[in-house]
Structures are given as C-alpha cells and as structure tokens.
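For reference, the structures are reproduced in the following blocks.
Look for subunit A in each of the two complexes below; its partner is subunit B in the first and subunit C in the second.
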Partner chain A sequence: MPKLTLNGKEIEVPAGSTIIEAYKQLDEPIAHYCWHPGLSIAGVCRLCVVEIEGNPRLQIACNTQIQEGMVVNNNSEKVKTAVKWGLDFHLINHPLDCPICDQAGECELQNQYMEFGKYDPEMAEPKVKKRKVVDLGERVVLDTERCILCSRCVRFTNEVSKTNELGIFNRGDRSEVGTFEDKPLNNKYSVNTVDICPVGALTSKDFRFKQRVWYLKNKPSICTGCSTGCNVNVYYNEEGVFRVKPHYNKEVNGYWMCDEGRDIYKHINRKSRMLRGRYKQNGVWCTTQALEVAKKAGQKLSSFKGEEIAVLVTGQYTNEELNSLVDYSVNKLGSKSVFHWKNNENNWQDFDGHLIRGDKNPNTKGLQGVLQKYAVGGEWKELENQLSKFKAVVVAGPENQSVYFDIKEKIESLKSLECVVWFTAGENSNFEKLSDNSYLIPQKTSVEKNGHFTNHQGLTQKVEEVTTILPEALNLEETVSLMLGNSLDLSIRDKQEMGVLKTNYFSQERGSL
Partner chain B sequence: MFKLSDEGVAYVKKELERYETKRSAIIPCLYRVQSENGGWVSPESINYLSELMDLPVAWINEVFHFYTMFNKEPVGKLHVQVCNNITCCMLGARELTEHISKTFEMGIDELSKDGKITLSKVECLGSCDTAPMMQINDSYHENLTPESAVKIIKDMVHGN
Partner chain C sequence: MSIVKKPGAIANWYLPGILIGMIFTLKKMIYNLFHKDKMPTLNYPEEKYEYSPRFKGQHVLTVKKDGSIRCTACMLCATNCPAQCIKIVASEHEDPTVEKYPINYEIDVLRCVYCGFCEEACPVDAIRMGPEWQKPGANGFNFTYDIQELAYRPQLKGGIESRLDEKERHDFGI
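And now, the complex of A and B:
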C-alpha cells in the first residue's frame, strides 16, 4: 500500500487509487463536480486541481494515480487561484438564479461559490441563453442553462442504467445536455441523474418546489419498496416526508436506487394513512383510539378456539414484529394456521439485473425465518381452500398497498368470516365492506419504528425511527401486547401531532411542470 | 421514411468493422447519410442510422451536433461555404460573403428564393495561400473576387 502526504498529513491508500480518493479517505475538502465515486472518470470540470511536489504544473486529483511518497496539497495559493478561475469559467454562462432554483441549499456550485467565490463576475459579455424547463418524461425536468456540463448524468445513463438516453449536443458555449429530440428519460433509475447533478439542471418533477431543502432534516432508513432493501435517506420535516434518496451501501445498492422506491414516502404520509382505529359492531363502524380497538380485538379473539383462527401475514413488518405476532398466534391463541400473503405470485421471482425485484416486500426472508422457527406457514391458496374451517382471521396487511393489487379480492373473500382483525398502516375504501366484528388497527410505517429487515440476500439491516407521522399508530409488538390485555407505556402520546401536508399553491400556478 | 441504398448499407457495415469501437464509425456513416439524403441529416435519418449501426441514438446525435460539416437543415443543390477565417477576412471575405448574399437575395444559412443555393460562413478551410476562397459542395474555388465568385455560382446554377 503506497504512502503519501496530503496537505501535510501522512496517509496510506490502496494501490491504484487516485489522489481524490485519498482526499475522500482523509475527509479533507476538495472541490469537484464531475467526479463521482460510482461513475467513470471524466476529468472535465478541472476543479479538483492539486499541487504535486516536483511537478511544475497543477494536476487534476481525480485522474492522477497515487505513487509512493507523493507530496500533494490543495491549499497553496497556486491551487486556490486555479480553483477560483475554474469556478469563474463555470459561472460564465450559469444564470446564478439561486433564489428561484430548486437545487439551492444543496447545490455544489453554490457551496463552492460561497466558499471560494463571493466576488463580482469579471465577464463583460452577455450570458448565452439556453432552453429552460425542458420536460424529460415522467420524473425529470431539465434546465440546460444551469448545466455546467460535468457529464455525470450522461455517464450514469451509459454506465449504470445502460439506457444511453442522455448526451451533450452542440459544442463550445452552446453545448447542451439533453436527449435526442427531447425524448422522455423514462428509464427505471432516472431520478438518480437528479441526485448526482451538482447543480439545478436536472430536478425531480415530484419534489421540485414542494419544499426548500433547508427546511428538511434527513435520517438513514431502509427502502421498503422491494426485497433488495436499498439504504436510503429519508427527508422529512414536521409536515411529513418529502423525498427519499439513496444512501451508499456497497453490499446492497451502491450509490443508487430505483424510481419506484422513491415513491414509498407517499404511503407514509398522513394523506394515505388510516388515522384512527375502527371496529364494526351491529352494522355500524365506531371510530376510536388504536389501542382501544386492539384491546377489543384481543378480547374477541380469545373467545375463539385455536383451530378456528387463521393468521395471514405479509413480509412488510420487521423481524421483531413478525416474531411477536407469530408467537402470539402459536403460543397464546393456539393457532398453527399462519399463512404467507405474497404481493404477486406471478412475478415474485423477477429481477431486472440491477436493483428492482418482483418481491415487493422488505422482509420476506425475515418472515420466512420466523415461520420456520415456529414450524408454521402456508400459502394463501391453502387458506382459501379451507376458509370455511375458520371463524376468525388476523391479517398483518401491507404497509405499501399500491403493490398489493389483490387487496380488494382478499377483503371480499375474508368478509364472510365471523371476525376479522386487520393491521394496516394505509387507508383503503374496501375496508368498509368488512362485516360485523371487524377491527382495523392503524400501524406504524417503516420510518416510525425500530427494528430489522432481512433482505433477499439474507442481510439483516437495522431501521431506526426517523420521525413520527401518526402518534396514535402502533407497531405490531405494541398491538400484540395490547391484545394480550397488557397496558402499554404510551409515551409516544406526548409527541406532537404532525401538521397536515401543506400544498404549495404557487407551484400549481407556474404551468404544467 | 429515409433509407440508405444497398451500397450505402454495405458501406456502413464495412465502416463498422474498420475500427476498434463502433463509435468511431459514426462520422463516415453520417457523411454517407448526408450525401444520400440530399445534403442534410434529418432526425429520422439519425434514428435510422442508430438502428442500422446498433448504437444509441444520443451518441450519433452528439457527433452530428458537434461538427458543422453536417447540415441540420435542408440545403440547396449548391452549398456555398465562404471561408471567414483570419486570412480570408483580411483579403475581403466578409465583403465577398455580403456581395453574394445581396446578389442572390439570401441570408446566411438560408435557402435562396429558387431553393437552389445555400450560403454559409465557415471557419478555416485550410487554403489560406489562395485567400479568399469558398467551397461549393465538394470543390474549392480560390483567389476570388466578388465578381468571379458570383460568376462561378451562376455558371454552376445553370449547370455548367
């Protein structure tokens, strides 16, 4: 392993790495736009220049390999001047419309300018005008004027998504990034280009103008969109969750995540949630607190014999929750009839070769493990065939109902039973069809609880509580405990109720995008 | 719908095997498309070429937009390209361009009224020793005066 000195600090790096990687390893600041650890090296922004002792000219750190005993710095006057002028060239045709730009606050160009710039531009010529608000399909909007031609997005479509839609057309100061004839950028990973765009050239249609980024906090979590279990950062504030971005994990998702996974926040927010617990008695739905419904459901269930009760589980809960539910079923209710509800049997095994899997549950492996542990488990078909045998059913329903296309059919077929206890995070109008003695208990979503998910490769990953959207919602462990007749320390009640997601009406008035 | 002739397709196939990467063959193939498409490259023909070469359409479009030798709009039968680089300009290329534009009543990069001629200003064509000069389609015309240039164009329009 070669040793070198960076800014006066000695460091040992793996052979073959570049200077910029050494800077990253040392966590020293180094300016860069075009370099991205997940992409090939382009060397076009010329901002990561460093001074190497014994070398008369400055070199770019991203494309210079480390050699034994190198002495490198990026804090000399010479480097600072070079970075300043590099920045000045980037700003020649950049509109500097930060106040109305959605990237402001997380823009690398803006950060760079605040750190190294803060001077009046010395360019006397008028700026080149380019196309703005170009609609690039379902998820991405392009502003070619703000683009600094770092080519990250182009390399992403060439190397990662391998769809090759983007290119840099024209040349010189007329160069523009874009797709051929403005064809939509509808690949399944398109929003990653928005994430890696260092400026506001590519913005997400879903997120733009919804919230200023400095009003958002973020915490790591796990994507519940499929069994890959991508590591994500959840961006939220007191109004709810606004977006989900990938978080680096070499073993699971690298630097990327799919577009579908970015939509998971939609079923987490209040708008699609079941806000209060409900139960049906004498043909009337009564609304009350979740914990009251859980207690009532527990009492009702205890009036059945073990063999009269079936449990239907989805892989959308944490290992701890599933364990407590199956334990409750086997040891407390005395029912060994636990069935696994899969989102879609036909494409269950699908895999697109990169990240997206047909199994749309974050914890299928974990569920299988729990079922194995208690030596129970069966398929939905088995339950359907012997449905008349049962009088009551407990359903741990999906948190993400949008991937369970058969939820309506399931409700239809289960409503004939005497008693249905349904745990759900999301609201669904079909619940109204359930008959008497039905109990609906609002559950927490993945961002509101602590636990572990086991992904398709058997890797167990921790999820931590990010925020509280519904203080009233329970997790499965709490629900089971309440159903057993225990009382619960509900200190969560003290948590402040979330505000309702505000609509930014001005964003509607700006036009179609 | 644009299609290359059989010889054109054979040419493209040959070029594709000539270089280490298929991408290198884009320029000669685009030239072929331009000459078979009446002097310009249309978006449909880029799509067609992308299918024929089995390359992403964006890659071909990048090359197409980078080089000015590929015409983005339809051009007349005569594409008059007057060199406007430093040597030619010192010897009157700007005045020459203006004279041609006035005589045939057409602007820069526009078709003449009869649709036969397109006039463009271009960068150095590497013929500084015989400045000012112009290129009409594939031939060079050198040591021009406004009068001789107009005469050459008129002769060519009338088919000489």
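And now, the complex of A and C:
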C-alpha cells in the first residue's frame, strides 16, 4: 500500500485510490461538489484542488491517483485562493435564494462560502436568469438557476438507477440541467438525486417548506419499507418525523434508498397513530390507557383454554418482541397455533435488481427464525379453515398498514370470534367493526424502540430509539409482560422521557446556527 | 416595619403639615394653569406620548406593491427570536416567482421581549417594529397576532410597503 503525506500527516491508502479518498480516509476537510463516493468521477467543479509538491500547478484531488511518497496539502494560501475564486465562478449566476431555498442550512455552497469565500463578487454583469420551480414528476422539483452543474444527478440516473432521464442541455452560462422536454423523473430512486445535489437545485416535493433543516435532528435507524432493511437517517423534531434519508452501509444499501421507503415516516407520525388504547364491552368502545387495556386483555385471555387461542403475527416487529410474543403464546397461553400473516405472498420474491424487494416487511427472516425456534407457524389459510375451532385471537398487526391491503378483510373475518386482541401502531377505521371483547393496544413504531431486524439476507441489524412520538404506546415485550399481570417498570420509561423533556435541545439550540 | 413616633404633643398636631402641603399643591396648580406647555405630565389616555420612529414597538409585517405579504417564510426571524414566540407555517405559492410564502404567521406578543432581533434577522425587510406601543385587551383577549393583525390592522391603513421589491431586484439582474 502506497504511503503519502497529506497536510503534514502520513497515511497509507490502498493502491489505485485517489487523493480525495485519502483525504476522506484521514477525515481531513476538503472542498468538493462533483465527487461522490457512490458515483464515477467527473472532475467538473474544480473545487477539490490540492497542491502537490514538485508539481507547479494545482491538481484536482478527485481525479489524481496517489503515488508513493506524494506530499500533498490543501491548506496553503495558493489552494485557498484557488477555491475562493473557483467558488466565485460557481456563484456568478447563482440566485439570492437562500431564504426560500430548502437546502439552506445544509447547502455546500453556503458551507464553502463561509469556509473559503467571503469575498465581494467582482462580476458586474446582470445574472443569467433560468427556469425556476420546474415540476419533475411525482417527487422532485427542479430549480435550474440554483444548479452548479456538478452533474452528480446526471451520473446518478446513468449509473445507479440506469434510467438516464437527466442531462445537461445548452452550452456556456446557459447550460441547464433537466429532463428531455421536461419529462417526469419518475424512477423508483428519484429522491436520491435530491440527497446528492450539493445545492438546492433539486428539492423533494414531500419535504419542501415543511421545516427548516436546522430545526431537525437526525439519528440512524433501519427502513421498515421492505425486507432489504436499508440503513437510514431519520430526521425529526419535537413535532414528529419529517424525512428519511439513506445512511451508508456497504453491505445493505450502499449510499442509496428507494423512494417508497422515504414515506415510512408517514405512518410513524401522530396523525396516523392510535393515540389511546380501546376495548369494547357490551357494545360500547371504552378508551383508556394502553397499559390498562393490555392488562384487561391478559385477564380475558387467561379465561380461555390454550387450544381455543390463535396468534397471528406479522414480520413488522423486532426479533426480541416476536420472541416474547411467541414465547407467551407457547409457554404461557399454551397455544401452538401461531400463524404468519403474509401480506403479499404472490410477489414475495420480487426484486428489482437494486434494492426494492416484494416482501414489504422488515423482519420476515427474523420471524421465521422465531417460529422455527418454537416449532410453530402456519399460514393464514390454515387459520381461516379452522377458524370456528378458535374463540380468541391475538394479532400482532402491521405497523405499516399501507402495504397490508387485506387488513380490512382480515378484520372482518376475525370479528366472528369471541375475543380479539390486536396490537397496532396505526389507527384504522375498520377496527370499529370488531365485536365485543376486542382489545386494541397502541404499539410503538420502529423509531421508538430498541431491537433487531433480520433482513432478507439474514443480516441482523440493530434499531435504536430515535425519538418518542407517542409516550403512551407500548412495545410488544412490555405488552406481553402486562398481559401476564406484571406491572410495567415505568420508572425507567419515566426517566427516559423526563430526560427527553429536560434536554429539549430543539429550543436550547435555536438561534445558535 | 414599625412606625417611628416622635415624642411630645406637638408631633400629634398634624394640621400645619397638611396646610403646608395644600399650599404647595395650590401653588403648583395655579402655575400649571398658566403654563400648560411646561407641564411634565400627560393627560393619558387623551394625550399620548409620541416615541421616536426608531422605537421598537408593535411588529408590522410589510407588504409588496400589490398589497400581498412580503414575508418569504424563511423562518430566520423565528430562528433568531430568543423568546421563541414566532410561529410560521410555510407553503408553496402558486406564482413560481414567489415560490414560498407564509400561510400562517403568528407572534405571541405576551412572550415577546421586544428585542428587535426578528427585524434584524429578516433579509427582505418583511418585519419591522413600529412606533405603536399600546394595545389593551380584557381578560381572554387573544394576544397571538396573526397575519391579519400584523400586516393589515386598521392603524396601518392598508399596509406598510417593504423597501425591497422582488421585481425591481429581478429587473436589475440580481
């Protein structure tokens, strides 16, 4: 492995890598727009210039391969001046849009300007005006004025999504990024172009103007959209979750995620959640705390014999939760009738060749593992055929109801039973149809709990609590423990939630951009 | 606290003290009757004090030439506000040259500390603090002012025009 010196620090890098990769490996800051680790090299922005000893001219770091014994720096005055005036070129026709630009706060132009710029512009000519607010289909809005023509988005559609919609049209200062005749950019990975756009030229329709980015915090999590289990960053504040962006993981999703997965925050937010627990008695629905309902449900279930109880599970819970539920069923209720509810078995094995899989559950593999461990498990069909045998059913319902198209039918076919206990994160108007002795227990969503998901390839990934959206909701383990008659150790939770309240960084960090 | 009493009968005799006070008041009254302009007090509320135009009083949201609201909903004022009393909901404007505008802009003036930071933060002269300083309200009065109140209250006579005009800027090639 060749050795070289960067900014006075010695480093060893794999042969064939470029100087910018060495900088990244060292975690040294280096200005750049067009280079992206997941894309090919374009070398068009000329911002990543470095000074190489023995070379009279500055070179771009992204397209210069390292050689043994190179001495490189990017903190000399020469480099700084070059970056500064390179930046001026980028900003010649750039609009003064920051106040209405969604990228402000995470914009590379702003960052580099604060780092290297701070000059008075020397351009006296009027700016070239280009098209603004161009509708590029379902999810993306384009502003050609803000674009700095780094071509990241173009390379993305060429190399990653392989749909080739975007291109750069015209020449000189009239160059414009866009699609041919403004055809929509409707591939299944289109919002990735928004993420990689270093400026606010491409913005996400869904997130546009919802929040300023500096009001959001982010934490890593796992996408629950399908069994690929992409690593994501969840952006949230005290009002809820606002967007989901991919998080690099070489083994799972690389730098990308699909557009569908970006919608998972919608069923996480308060608006679509079941806010309080409910149970039906003598024909009336009573609303009360989730833990109260869980206790009542546990009492009711204990009045049935083991063989009268069926358990229906979906692969939308963590390994730990599923384990505790199946364990409860087998060892405590004495029922071996555990059934796996699969939402879309026909296209279960679908795969689009990149990330999207037909199995829309994050933890099917994990569930199968748990079912195997307890030597139980059947299909919905089997349950349907022998439904009259059962008097009570416990359903670990889906967190993401939008991919469970048959949820209404399932509710209707279960309403003939004497007792239904349904764990659900989301609200659904069809629950009203359930018969007497139905118990609805609000559950936490994937961003509110700790646990593990096992993805399609058998890789077990950790999810960590990102934020609390519904303090009242329980996770399955807590629910099971309550149904067993234990009381919940609320002191731990209280402390956690008090902690959240005390360190209300959303308010304390305001104004300290 | 205890009351200090001077010993002796003379101290209990209060009439001279009262008389001295009344003579003083009478003298001032007669003086004021003939020198009204020199009077240091105001007959509030009939007379009101005029502060300088730089006084940081009630907020005003300025308007464009066509009377629509100038604010672009950039939320810099809300970010800068130390009292966190500004709440803005932004939305997409149908006119692409405007792009973003506030559908809701509220200031909770009871929490406001009248520091003027919002005015300083605004990049487009959309919020100013005007010379108005009194706004009485009975119990339960809504002191959270919305766009209607901030930009179009009757005292503003149709709105204060912003110095910064988007169209002029655009024609100028900025």
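One rule holds for everything that comes next: the second predicted complex is superposed on the first by the 490 of 513 C-alpha atoms of A that agree within 3 Å, B and C clash if a C-alpha of one lies under 4 Å from a C-alpha of the other, contacts with A are read in each partner's own complex, and residues count from 1 in each chain.
Keep this in mind: a residue touches a chain if its C-beta (ideal position, glycine included) is under 8 Å from a C-beta of that chain, and two chains touch if they have at least 3 such contacts.
This structure is a prediction, so every number in the text was calculated from the model and none was measured.
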Report clash or fit for the pair subunit B and subunit C bound to subunit A in the combined superposed model. fit
Go through the superposed model and pick first if A:459 touches only subunit B, second if only subunit C, both, or neither. neither
Thinking of the overlay built on chain A, is A:132 touched by subunit B (first), by subunit C (second), by both, or by neither? second
Once chain A of both complexes is superposed, is A:123 in touch with subunit B (first), subunit C (second), both, or neither? neither
Which holds for A:96: it touches subunit B only (first), subunit C only (second), both, or neither? second
Taking the superposition as given, does A:208 touch the first partner, subunit B, the second, subunit C, both, or neither? second
Looking at the overlay, does A:166 come into contact with subunit B only (first), subunit C only (second), both, or neither? first
Name the contact category of A:15: first (subunit B only), second (subunit C only), both, or neither. neither
Which chain, subunit B or subunit C, is in touch with more residues of subunit A? C
In degrees, rounded to a multiple of 10, the angle subunit B-subunit A-subunit C between CA centres equals 90
Once superposed, subunit B sits from subunit C at a minimum Cα distance (Å) of 24
Per the touch rule above, subunit A residues touching subunit C in the complex are 96, 98-100, 104, 125-127, 129, 132-133, 208-210, 212, 214-215, 507, 510-511, 513
Quick one: in the complex, what on subunit B touches subunit A? 43, 46-47, 56-59, 61-62, 65-66
Subunit A - residues contacting subunit B, complex: 157, 164-171, 179-181
Over in the complex, which subunit C residues touch subunit A? Could you list them? 72-76, 79-82, 84, 90-92, 96-97, 99-100, 123-124, 169-170, 172-174
